[in-house]
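What follows is a group of structures, each given as structure tokens.
Below are two complexes that have subunit A in common, paired first with subunit B and then with subunit C.
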Partner chain A sequence: MSTRQSDSTDGFEEPDDDKLFRDRVRENPRPAMVWTAGIALLLLLEIGRVFAAVGQLFGIVGFTVDLLASVPASVGGNVVGTLGSAAGFVATAITATLMAFAVTIPVSPSVPDAAVDVLGLDLSRRGHRWAKRAELTFVLVAVAGLIAYTPFGGAFSALIGAITGGVDALASSLPAITSRDLIPNAGHRLPEGGWEGTFLGLSPAVAWTIRTGLVFAYAVAFLVWLWRGFNVYRTHYRLADWTPRDDTVRRFRNNYWGLFGFAIVFLFVVLALWAPAVSPVEAQHNIYEPNAHEFEYLSEDGEVTSTTHVFANLQSRSDGQNTIGPMSYDDYGRWAPLGTTNRGQDMMTHLSYGARTSLVIGVTAIGLGGLIAVVLSLLSSYYKGITDIVTVMASDTVQAVPALLLIMLVSVVFQEADHPIAQPLDGGLLLALIFAFAYWPGMWRAIRGPSLQVSEQEWVDAAKSYGQTPFQTMRKHMAPYIAGYILIYGSLLIGGVIISTAALTFLGLGINPPTPEWGRLIDGGQSYVSTDSWHVATIPGIAIVLVVIAFNALGDAIRDAIDPEADVDESEAAATGGGA
Partner chain B sequence: MSRWEYFVKRLLLTVPVLFSVLTFLFIMLRAGPIDPVAARLGPQAGAADRAQLRERLGLNDPLWEQYVDFITDFLTFNFGQSWVVQAERDILDIAVGAAPATLWLGFWAILLPLFIGIPLGFYAGLNPNTLGDYTASLGGIIWQALPNFWLCVIALAVLRRTRNDGGLFGFDWYTLGPDFAARDISITGTPRLEWISTTDVLMLPVPYINDWTALAIDIKLILPPAIILGSASMAAELRIGRTAMLETVNSKFVETAKAKGLSSRVIVWKHIFRNALIPLLPVITSEAFLLIGGSVIVEQIFNINGLGRIFFQALTQGDLPMAGALLFLFTVIILGLNILQDFLYTVIDPRVGYDQ
Partner chain C sequence: MSQTTAPTTPDDEAETAPDTMVKVRDLKTYYDSGGLFDSRPVKAVDGVSFDIQRGETLGLVGESGCGKTTLGRTLIQLEEATAGEVLFDGTDITSLRGDQLYEWRQNAQMVFQDPDSSLNDRMTIGEIIREPLDVHDWKTPADRRKRVKSLLDEVGLSPEHYYRYPHQFSGGQRQRIGIARTLALNPEFIVLDEPVSALDVSVQAEIINLLEDLQDEFDLTYLFIAHDLSVVRHICDRVAVMYLGNIMEIGPTEELFTDPANPYTHALLSAIPKPDPTASRDRITLHGTPPNPRYPPTGCPFSTRCPVRIRPDEHEELDDDVWESINSFREILRERMRADRSIRERIRERLGMETRFATIDETYDELFGDLSIPGEVERVLRSVADAARTHDESEAIDRLNAEFGSVCDGVDPDGGADPIEPAYYEVSDSGRLSYCHRHDDEHRETATVIDDRS
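== the complex of A and B ==
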């Protein structure tokens, strides 16, 4: 629906019977309103978490902007060292201008043409386009300079700080149906029996089960409602009775192996997104700062005393001699649905937050790598010639080095140097960036054939001769055809990324403590596999196997659904994780 | 473009690739975020020591001079000496000393999957949609998703458990075949490879095996890590072998052969088997990637002093020049294997050409 809208704003004449999506909703508002009310209710139930997510998003955007903003200055700083401070300033300015210009290329078509007419120049189409980009670049650089070098910047960051602070305050004050406050499972036994501090005085095990069940029920309800939304759109608001996408969806729905994969991936994503809700103890208390947090328990002499998590963890280790196995309480009345780790921390908490780590790394790496692959494949198939050869060489270079060893070396180099990029997620972000760097050539090779084919099509020629800009031609007439392929490879590769992340952490080269990661659990439990504490290394291993199988099944199913005849060479993509 | 022209073009393309790999390594090791002097001496070193080392490493030279030196050194395999791992020993010597163990591991890790994966895949392809097919395919899917490092941990635990007939599986790995318990050797460790010697036949050295027990011991040492290292390739071979078999069985020339009245034995062995092998060739050569990457993990867990383990030690102990040199050696091996693959393809399959 959104492409339809943007088509019309690009100046194409719409036929009369081709009404806009907005108009169609206005004519028959009821189904849309029912659906919107439903989604609003669902979001309202979890409003606290929604705001928490928005806050985290702000954090990520802020970090990315900070990182990008520091690039010109650091380039300038490097130049200062060799050529002097004036050259450094010029280098900073040039880098900033180039970066701003790169931003304007995709943005400028959506800026009204009137902006150029202000200049009062008589320009050709092409000149008009470049003038608009130059103008936008100038505005961007001016704003950036204003923020960086004048007091206006202080006011700007104060404003940003106020907004993020407000969102964070809302996140902590607003309720959520799955929150720990509403259904607490942390409490202590009473001397006369029963529990104090838990939900309705139930045992922590039952309270935790209720909360986790609620999380999954909520997630399933959300998914069902989204599916309903698609159906509402299809029956009430879509112009065509049938589109090829319907067949894709139908093929996917009838593929049971793919549905199995989808179900496991869904479980994994829910586990990652609701990690704070499904973990029986708070990660902050149990893993990150066990020294700073106390809790109460019923000691052996029948008194309710309080202790810190760090002390309690020492006594609840699963290290062969002691074992807190799955589905049991430790001596401090803390419920451990999957037992404890070799350091006495809660395994379920580790598993859910580790899922979060894996998911963030996998999605960032594949998203970024896929983006690079798509952009380069569009450029190299559109311009061919020297662009193509340079891309071939770059990808051959990266592929000539064994991926896992390359990732190890780069990760160690950056972590030894204590580079700022190695800070977020204790090296997780760094790892994701390296994966993107190491994996884009594979994805680019996979979609190279299809994009070369598309670039030979007549409609691309037509678009060129019609006077569409190269960017518009690539975006509207080429990219949609390779999007499906990148989706297939992305989901096949993400399993490889998860395995490799775990393997690197297992070796101690990936993500450093305290950020939870599945590979570290296996490392911690490897000496105890044949003892009573077998669960420490076994449970995360099985989790990895399941998730990887599921992503492979999902990728296969997406491939079959998008194009059953597709001649996709899966050997390369699926085997990448095998080295680990 | 003929296929030989295509091959030559691929051959020429490896030269710039080699140079850009070297440039990348130079950026990472010399011009990257890490200071080589600090990495070697540690933060407590005195200023005099630092200055001396800077001079010795050539870090005071202009960057382009360092770059030229770096590239010429690497291209002539003059890597200098190891810093920490085996201090003051030539890096090339260390690599040559560690190579046999890795080669022995890689040999078995390629051989075992070939003789398990391909027959299983062909069996599944010949009997599609039977119980045997489903079992083999599902096994392949799971086998491929199993992380090597976890398999190593579990396999070692299970094998250790079988000691003194205490196993759940009814065998004792320690006494099975060559008796490890009696000889007091660990089930993990570096194969010694001392069973081979050469004798002169008509002035030419001919290798022969002089100690069959030692050979058996080395094979037994390497079997578990080799199976695990080859696991992903085995699964890939199974999957692709199955597809290739299915496609070949349903092709026209097999129908013709049937119509000619050939026996099914001849059809399977002469017409199907040989053609189904073609798509498996790149899988087999690309195994080298997996083996080199995976050897780090497997060698580390199974205590095999091969190239992978030395690379890992170089990384964790801050011996970055050695890690860079090893990475370069691996890259050269892989580029060589790529050329070999292209060559084999050009020879075996006349249909391959440079078509876009």
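== the complex of A and C ==
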């Protein structure tokens, strides 16, 4: 058998595939333009929400930056207490420089070399790398110093304020197809029958159903369009006719249990993202500040009067004696698709905002914990020896304390001290960070085997033999093999985080009111399960069970999809077909 | 046959031929066990010296675990040398660090044994072959793509394979891809670590021919590591035979194959199946397994299994079976010496219970029970056993060596205390070297002894 193929390729015209992706699009722009137009239209329909999301992103970034920016000063402040103000200033400067330097390490490779060539030094490769980092650190520290200690800082924060303010203004003024303004469902009955203030005068129930239906239709359309985008790329612009990812996608598409999991997770995420649209009343009015907001209703004596939410909520509690069950109106004409809670708040609103809380905590905790786990597993399997031993000891130390106990302990300490980190989400962020701290050892353990295995592969040796840097070797030759595993364990654990958060809140330790949380709903409704108000604990309970099962199913499906041995026959066929 | 001792000291500049590319001097690579206390390293490569001429193919053969892969990996600095030097065009590469090592790496590359493991499955063929060029910032990205395509053509694949994945190729094709990656940086020296042993026989020949073609085309110098002797005979100009971290014999291929000088080479070559069923020379069967490289024997590394061990004159006439048993006895004593006896074992022994160590009497009976041993010899063996019975194994070995030891075991015939090792003897006009005491004028040559003893 001859493997030399030049005979068969004599007539093979070399395709002009030296071009970049951009050139390929320029050559055949139609599919890409159709797809881009579609996505633009979809985004335009929800432009108000897009800007709201951008505004929230700004808020998160701002909070993180503020937190990091306060570190040097707080270190300095601690030193001032013991060594005097001069030492404090030095400590602040050193901390700031170190932090800036840490930032430059991952960033510097993407900065053009010209930045160092300007200095006109004759440097070795290593010297070049360090010079670039030093230069970047200097720039960062200079900018930070400028902002912190000169009037320029005031101008800078004014600029930031203007930008965020502008985004917020845009978010509230731009329309969105699912917005409450376009399809309002809050209104009051008229004495002569019919409704005032709702969408087209329809009943609040119908208006709400239309809006919620629109949300899910929109989300599904968006998902379908993304899938179409992948297909467009695959058929028109990708150079490889087959990649291992194609098989992964195909295996996932044929896994119905996994698709079920994906569907539920998708619903959950949509519920969280569009919480303001799917909730029948505004959370700000109904949950956070019920006594500051009034609304109108048709009273029993036939008058349209107004009252506050706090008063109406008191009358609408589902506490065994009184029940506003699912699919019903309360006495104030407020539509409650899932009934009300034991405190009279709207269950649907509570559930959707609670999904938001759970999602934020889950994603933050697993994202951060997974990041720590991946970085440590790469380092410990590449360098082995002492790095490995130190990591083992650190993870064993964390794991020696039972996770739930550790989480309770740390969360109580921070909450009692009223640490600034315990403020966001009424302790939600704190909880997420603690979960990340408590769960990284488990994830690290789970991916330690695979990463040790991949570090023994000859392609890692090969990379070393032509002088690839350790960082690039880990990124290109090891990380892709671990990514699959961390995805699986992450999606399995995220269910655990959600249920643990609910459990802690159920015990009154996790997230404080008023931030909505599913665990608190179950806690509040548990004593009414045998009464007419059974729905208070049952609905969030079922929701948690479904979401956790769905995340597990999704994790399982990802594992099966990634594993090429899951369907040996087909992949062999693909290999022979492609290699012929 | 000239029998002068060839100088092997590192400072023989004058002896080096002008076109020597790689000069290895007394290279040692030890693996640390990683234990905190008893850190006896594994001596994978234990003092090796040789030269590789520009443009030649040096074969490196030996059984599994003899350190040939470690030697190859040390030569391209995938392992750190413990001692000695590797001079590459005059630079000692074992001392290179950081940027200098990075620059030097372009000159020396390696083809790996297992084509399944040497290519990253998540990258396209193009990315794989391009990576060395990217790492060394070779010209522009467009030039790199062109170079990859010409390399693909060079190794017998076609440019359209650029965007395929390793999954889609057969073992032979994957090895071609590995070779293309190796060539990307235009190296002068390539270590081929058993490049064909994982392939089908039908594909092996193609890859070997490809390697030969490439050598002619790009003036490459190869270190060809293999255990398949027929492949080595086909492709190599010179061959080095390795055993337990030492080079036993090194010289021109044909000469070494037709007229081996070292006993180990004799044994190794006798393992090649001969197509002629009436061939006269019998196969030399080596007894036992290679010693643990953590505890190599003193003296000659091959002394524990050598079919032509030098025997003291007074015992030369002793039966071969007796000699075999004496050698086994020495091995058992050495083994017992390093076995740790736990407290439990000691107590069990005191109480006369069975331990996991056979008693020395059982061993003795098993080894010498059926043999007829001259009285004088038996007396010495009994005294050795007596010393061993009290767990004084080092004393036992001393007694054994005093009577039966020879230069092969490191016993100095002049009565010196330090163990002596064989030297490299030049055994032919072509400069072939062999590491064996047999080449000394005092002793008979290997081939004669083999005929004698078989």
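Note that the second predicted complex is superposed on the first by the 545 of 580 C-alpha atoms of A that agree within 3 Å, B and C clash if a C-alpha of one lies under 4 Å from a C-alpha of the other, contacts with A are read in each partner's own complex, and residues count from 1 in each chain.
FYI, a residue touches a chain if its C-beta (ideal position, glycine included) is under 8 Å from a C-beta of that chain, and two chains touch if they have at least 3 such contacts.
Here the structure is a predicted model, which means the values were calculated and not measured.
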Next item on the list: Have a look at where A:Asn342 lands relative to subunit B and subunit C in the superposition and call it first, second, both or neither.
Entry: neither
Next item on the list: Once the structures are superposed on A, label A:Arg126 by its partner contacts, choosing first (subunit B), second (subunit C), both or neither.
Entry: second
Check: Thinking of the overlay built on chain A, is A:Thr92 touched by subunit B (first), by subunit C (second), by both, or by neither?
Finding: neither
Next item on the list: Tell me which partner A:Glu458 touches in the superposition: subunit B (first), subunit C (second), both or neither.
Entry: second
Notebook entry, point to check: A:Ala417 contacts which: subunit B (first), subunit C (second), both, neither?
Noted result: first
Next item on the list: Could you look at A:Thr501 and tell me whether it touches subunit B, subunit C, both or neither (first, second, both, neither)?
Entry: neither
Next item on the list: For subunit A, give the residues common to its interface with subunit B and its interface with subunit C.
Entry: 571, 574-575, 578-579
Next item on the list: Would you pull the subunit C residues touching subunit A in the complex into a rising list?
Entry: 34, 73, 76, 78, 98-99, 101-102, 105-106, 109-110, 112-114, 117-124, 131-132, 135-136, 142, 145-146, 149, 153, 156-160, 162-165, 167-170, 172-173, 176, 178, 181, 184-185, 202-203, 206
Next item on the list: Can you check the complex and tell me which residues of subunit A touch subunit B?
Entry: 392-394, 396-397, 400-406, 408-410, 412-414, 416-417, 419, 452, 495, 499, 502-503, 506-509, 519, 522, 526, 529-530, 537-538, 541, 544-545, 548-549, 552-553, 570-572, 574-575, 577-580
Next item on the list: Give every residue of subunit A touching subunit C within the complex, in rising order.
Entry: 1-6, 8-9, 12, 14-15, 17-18, 124-126, 239-244, 385, 457-459, 461-469, 472, 476-477, 480-481, 564, 571, 574-575, 578-579
Margin query: So in the complex, the part of subunit B that touches subunit A is made up of which residues?
Written below: 13-14, 16-18, 20-21, 24, 28-29, 32-35, 39, 141-142, 144-150, 153-154, 156-158, 160-161, 231-233, 235-236, 239-240, 282-283, 286, 289-290, 292-294, 296-297, 300, 311-312, 315-316, 318, 320, 323-324, 327, 330-331, 334-335, 338, 356
